[in-house]
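Here chain A shows up in two complexes: once beside chain B, once beside chain C.
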Partner chain A sequence: MSATIEFVIDGKEIQGQPGQTILEAAQQAGVYIPRLCYMKGLVPHGSCRVCTVLVNGRPQSACTQPVAPGMVVENNTEKVTALRRNIVEMLFVEGNHFCMFCEKSGNCELQALAYRLGIAAPKYPYLFPTRDIDMSHPDVFIDRNRCILCGRCVRASRDVDGKHVFDFVGRGPHKRVAVNAEVRLADTNLDVRDKAAEACPVGAIMKKRVGYAVPIGQRLYDHKPIGSEIENGKK
Partner chain B sequence: MVASKTNGLKRVVIEPVTRVEGHGKVTILLDDKNQVQQTRLHIVEFRGFERFILGRPFWEVPVLVQRLCGICPVSHHLAAAKAMDRIVGGEKLTPTAEKMRRLMHYGQFFQSHALHFFHLVSPDLLFGFDADPAIRNVIGVAAKYPDLAVQGVMMRKYGQEVIQRTAGKKIHGTGAIPGGINKNLSIAERDELLKDLEQMITWSRAAVKLAKDYTLQHLEKLAPFGSFDSNHLSLIRQDGAMDLYHGGLRAITAEGQKIFDHVDYQQYSEYIAEEVRSWSYMKFPFIRTLGPEKGWYRVGPLARINTADFIDTPEADAALKEFRAATGNKTCNISMAYHWTRMIELLHAIEKIKELLHDKDLQGKDLVVRGQRREETVGLLEAPRGTLFHHYKVNKDDQVVMANLIVSTTNNNEPMNRAVQKVARDHLSGQKLTEGLLNHIEVAIRAYDPCLSCATHALGQMPLVVELVDPEGNLIDRRAKGM
Partner chain C sequence: MSDNLATVVRDICRKYGRERGRLMDIVRAVQEKFGCVSGPAMDLIAKEVGVRRVQVASVVTFYAFLSEQPKGQVVIRLCNDIIDQMAGAPDVARAFEEELGISFGQTTPDGKFSLEYAACIGMCDQAPAALVNDVPVTELSTDAARRIVRDLRKHMDPSRLVHRLGDGNNAHELVHAMVMNNIHLRGPVIFTPANRGEAIRKALAMTPAEVIRAVKTSRLRGRGGAGFPTGMKWEFTRAAPGDRKYIVCNADEGEPGTFKDRVLLTELPDRVFAGMTIAGYAVGAAEGILYLRAEYAYLQRFLEDLLDKRRAENLLGQNICGKAGFNFDIRIQMGAGAYVCGEETALLSSAEGSRGDPKNRPPFPAQKGYLDCPTVVNNVETLACVTKILEAGPATFSEHGSPGSTGTKLLSISGDCKVPGVFEVPFGIKLSEVLKLAGGEDAIAVQVGGASGQMIAREEFGRTICFDDLATGGSVMIFGPERNVLEVADKFMEFFVEESCGYCTPCRVGNVLLKERLERVIAGQGEPADLEYLQDLGQTIKTMSRCGLGQTSANPVLTTLKNFRATYNALVKKRTDGLQPAFDLGAAVGEAETIIGRKSEHAHA
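Right after this comes the complex of A and B.
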């Protein structure tokens, strides 16, 4: 392995490897950079912008930006956090996210991120878009009300499962996750064991009939904020 | 009560009813001699909750339906879970699952009955129906009877803690899932609940005594107040015991004769129909064989006490016997007796909680069962306010395609209208519109503890506005209450 690349995040010296992104190098060093569209094992997409950091004062997405020697990165500062808060708030109002009865509650990355960033109630108006739910597949369903267009399902299906079950169609407010069939998820070759069936950070693509099997208090983010597993060096 | 013609009649409008959960409106039509011609309890908002459920995954429904009601969400949670048990063929629950659900349910009864009695009703009982509204409220109770106010708060809190430890949260928990429960009760949780248990039992005994003494002392005034003969309906255990969580349907007449008994509630629609009336969003259920005129019935504490042969906890059973003795061992049709019977149930609920907390099944690990899948289902239980029906159809894709809910307050729709009519006739005819008189009507409605928000799926409360309208529709008098 070639020489390490030294740089700084919030005053902390980090040693990265050539070819690593800021997010990966930070993670290795136990520094959590919030993210949504990034998922370990998938090609970074750089679309959600939640991982935005300031590199030498300029905003960059940490999940796509490679490390370079001597960079000065701002991550956990009030300025950057405020920016991320805005992005997450917009994701909330753009969809129909009813945490109080969503089965993903407590295991949802979007919700957990909102808590971590200290969002109480969004300041933007809710758009309440009309979105559909596709329950046709025997084992998996997609509820587009909760989709944040992160593209993790798209990449997981294409790059890991080698299937291409999901893809984006439409632009702007009309952009949505489509399935590789006339209309229904049932007519694709999606299997419940596919990576795509477990890639969704929110409650949009879910395994059926699991529901609320995990009680409140034992869910992923009930006691520890999202990212703490990285900060505690468990990843 | 329907006036033959509404021309030439004055309208008295009480809107909405205060200290009732939700939003209601009372209209009284007077004729030119100030005689009551017609009364109607209007429900003015509708959210179409059934439609909101359509298309959703069935396992989501027990959590989703809790949004119907801020006061007894657990009843909806459990009724929907009971329905969804049958969808997954898991209605024969494991002992741990059934007992956890029962514990949750009794916790709900305890907190709901305590809230209603101490916060909503006690001002009327302690200060009198005609008392100045400035003191006839929970703040007034707190000032004059601080111990009672504190008990009310602590009892409600205890019930909520039972709910939290069974459902995961005080409101909108997730405990009951199709075919079972998602957690058991840890020893630590059990011991937490045992700490205040004896205090709760003591206070519940005192609450029964308070309601009993009040009722007996004022029996002459209370007996006719908003009263009328009616049928009564509730679930009943196979041996005739009161059972708030499960059983068959029993209906009796005003004299106590059985109309039907131990009916499997999956077939409820063969026995009960709902009538729609143009002036109300709330339907009017009735027993089919008797028809809409004679087939309406009461539900809730009074109905359950009337239908039960006995109660399977000793202190509540003794209280039931006292109640029966006071009413000459006959079916009781006194509206104001709801308060006493509600407190008997409060005592029953806390006795049941005690029984369950000492049951080792609550620490069992077998939580969920699954069996033969079904597509149509009914979940029924006794909610604090009365029998609650949840009826669903689920398609092969696991989506809800039909939902029909008959909530407790809807079951009591006709009775509440009758109570208003009775009070209006007895107390308002030919008299001036006073705050105290108007409150009499509210007192009668409140006896039924209506949850108008879940009956019509409306949310929120508004201050009380009273309007007197002349035959031409001109406003001639107006009263507003700040609540």
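Right after this comes the complex of A and C.
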């Protein structure tokens, strides 16, 4: 066992291991740092930016930044939370998120994070993009209206399933998730048991025919805010 | 036809060793041959190189010069950045459209011509400018545009559009361009007579550690924008574990208003290649890569030829200049049209054959760069300075400039001034003196550092060009009394929206939102609260973005909000009727009025 690395998050002493990221070390100590593109078991992406913390005053993404001795991290402060709120609002207006009609509602990390951060309605104007839906696959569908470009499906398929079914195409505001075929998900070798089929934090990649297996009211974030499982030391 | 596709694609892939790392070269070659990288071509490439089709698609769809859909045999890319707009690009655009009978973004039905807009192509001192395939055409007028199309219809050969040759090496047979260098001020460091091989020989007479010490003693800082001490960067790379190390010269020069690296590569490429070689010796690298932006492809043959000459003179290759065991060679990696690829980690992604996505840091390139090997990334001008430091000694270098910013700086000056072009000035020079040099004393505003830099107002023209005050990679854009600074800012926001890589949320989404609200204010539909909105949104993009692009993309708005507050204040107003300023009641009830056949009493009260 190598020496621990001691640092501070919002005044609390944390002990991390060499090679750990700030997010992982915090999580181990029961401190929740909001995240969307991070998923345990996948290489960190650093793209959503909601995990941004101030490290000795400088913004860094907690999911990619390694722990270092003596660093002073600002996480749950009004300043940082305000910035994160803006990022989550951007994700809402960038896509078409109609939570009341979405099967993912209650299990959705984006929605849950918005509640946790206290977002009632975004202050930014909705961009109402035209995005497509791919129902071609027998067991899994893609609704790009709800994609937040977190890359979890891309990494899960590439690194865990070893298939590389998904990747990003286009640049900037035109960026989107594409599949390894001319157009249709059905023409790829995605299997419903693949990690990629359950990696999506939102309702963009969904399994068919199980949408309401768990009724609304009994879903993951229906009673406790996202992150409370970490704060209660369950994970 | 499809047999032909299969054979040609296979040959291209084989030419590049079917290496995944050469995917950029492969797709560029396929694009050049067929005018697109079609779905079937992507399938073929994927199979040859051993990747998935979607990986090829992810590369092809990233770069402006690559496309899935067929492009015309000749693609005309007109720069529509602010400087060209001021110089008459909109009229030139109309002339192209009329002559070709198509709009921008379209291809003629016969498949011969495509018309596109490009971000700054590095010809701002001779705007309006365009690229016709690889061939730059400059100082365009409506007449010139029509003549270009008529001539091309006759021969379809862009190289025959060059009727007059530019100055210096632009007239070299391997360059053969109408581009002008416009060097108006030669300083004591860069634009001085060079003796090929002298700097390398002097370096090789020292130990690598001594070379690094010389660079450190000169206090040279990076000329690409960030100003990192070059000697320190080399020391980190030298110390990083690994047998293979790389030297990368950043010739992406995409910052709007910057064109001094183009002039350096045209006039003093030996200095640049020597600098790379010296860096290779100092850090223990055997390979160098010059990452050249696609817009400068017309310089490629000239530069390749020079590399051959240097190999023949043993300034590259094995046991360079007789130094046993010192081997170093350089290859040119062409870009494909993406500003973000100037960001050093995006550049490395691109050179590795991927989308130009920036990488997560740490690790930094000095630890893990190109192909995960320790890598030095330096700007063209930085490397040219290195050569001079070795030639003349660090003390001669650091006697110029200011204490925190030694040496001279190449400025690329464009916009409303009498003599736009390249000026080598000592660091520490006042902005007002720069304006005098270029004949731009009337300026009401100067954008220093390109789109990502700062808009400076008259009251601050006494500030100085240096790392500690007005830092710039070289771009100085001058705006005269008749210009509207907010429209300039809006043009820059358009640039950032287009050029964001889209990886991270604040930059991908935030810039779109920032532009929307800025335009609302410009249109006179903003209220005072919109200025706070712009400030808060801009600050969020700056703080939360992943790479330098997003961290600076809000600057056009943030620096004009700071320095031209009165202009904003004059545009915003509080409405007294309690409605939002952007809300037009008359328009909102218009349709209902038509249906019922009478005017609303309230809307027209």
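One rule holds for everything that comes next: the second predicted complex is superposed on the first by the 235 of 235 C-alpha atoms of A that agree within 3 Å, B and C clash if a C-alpha of one lies under 4 Å from a C-alpha of the other, contacts with A are read in each partner's own complex, and residues count from 1 in each chain.
Following the convention adopted for this analysis, a residue touches a chain if its C-beta (ideal position, glycine included) is under 8 Å from a C-beta of that chain, and two chains touch if they have at least 3 such contacts.
Since we're looking at a predicted model, the values are computed, not measured.
Once chain A of one complex is fitted onto chain A of the other, the partner contacts of A:Ser136 are limited to chain B, with no touch recorded for chain C.
When the two complexes are overlaid on their common chain A, residue A:Thr52 makes contact with chain C while staying clear of chain B.
Once the two complexes are overlaid on the shared chain, A:Leu220 sits clear of chain B and of chain C alike. Of the two partner chains, chain C is the only one that A:Pro125 touches; chain B does not reach it. In the superposition on chain A, A:Met100 makes contact with chain B only, while chain C stays out of contact range.
Of the two partner chains, chain B is the only one that A:Gly211 touches; chain C does not reach it. The larger set of touched chain A residues comes from C, when the choice is between chain B and chain C.
On chain A, the surface touched by chain B in one complex and the surface touched by chain C in the other have no residue in common. In the complex of the two chains, the chain A residues touching chain B come out as 100-101, 103, 133, 135-136, 141, 208-218.
Residues of chain C that touch chain A in their complex: 39, 52-55, 57-58, 61-63, 338, 355, 360, 362, 497-506, 508-510, 512-513, 516, 533, 536-537, 540, 543-546. Only residues 55-57, 59-60, 63-64, 66-67, 88, 167-169, 172-175, 177-178, 182-183, 368, 397-399 of chain B touch chain A when the two sit together in their complex. Within the complex formed with chain C, the residues of chain A that make contact are 44, 46-50, 52, 59, 61, 64-66, 83, 86-87, 90-91, 93-94, 123-125, 127, 148-149, 164-175, 178-182.
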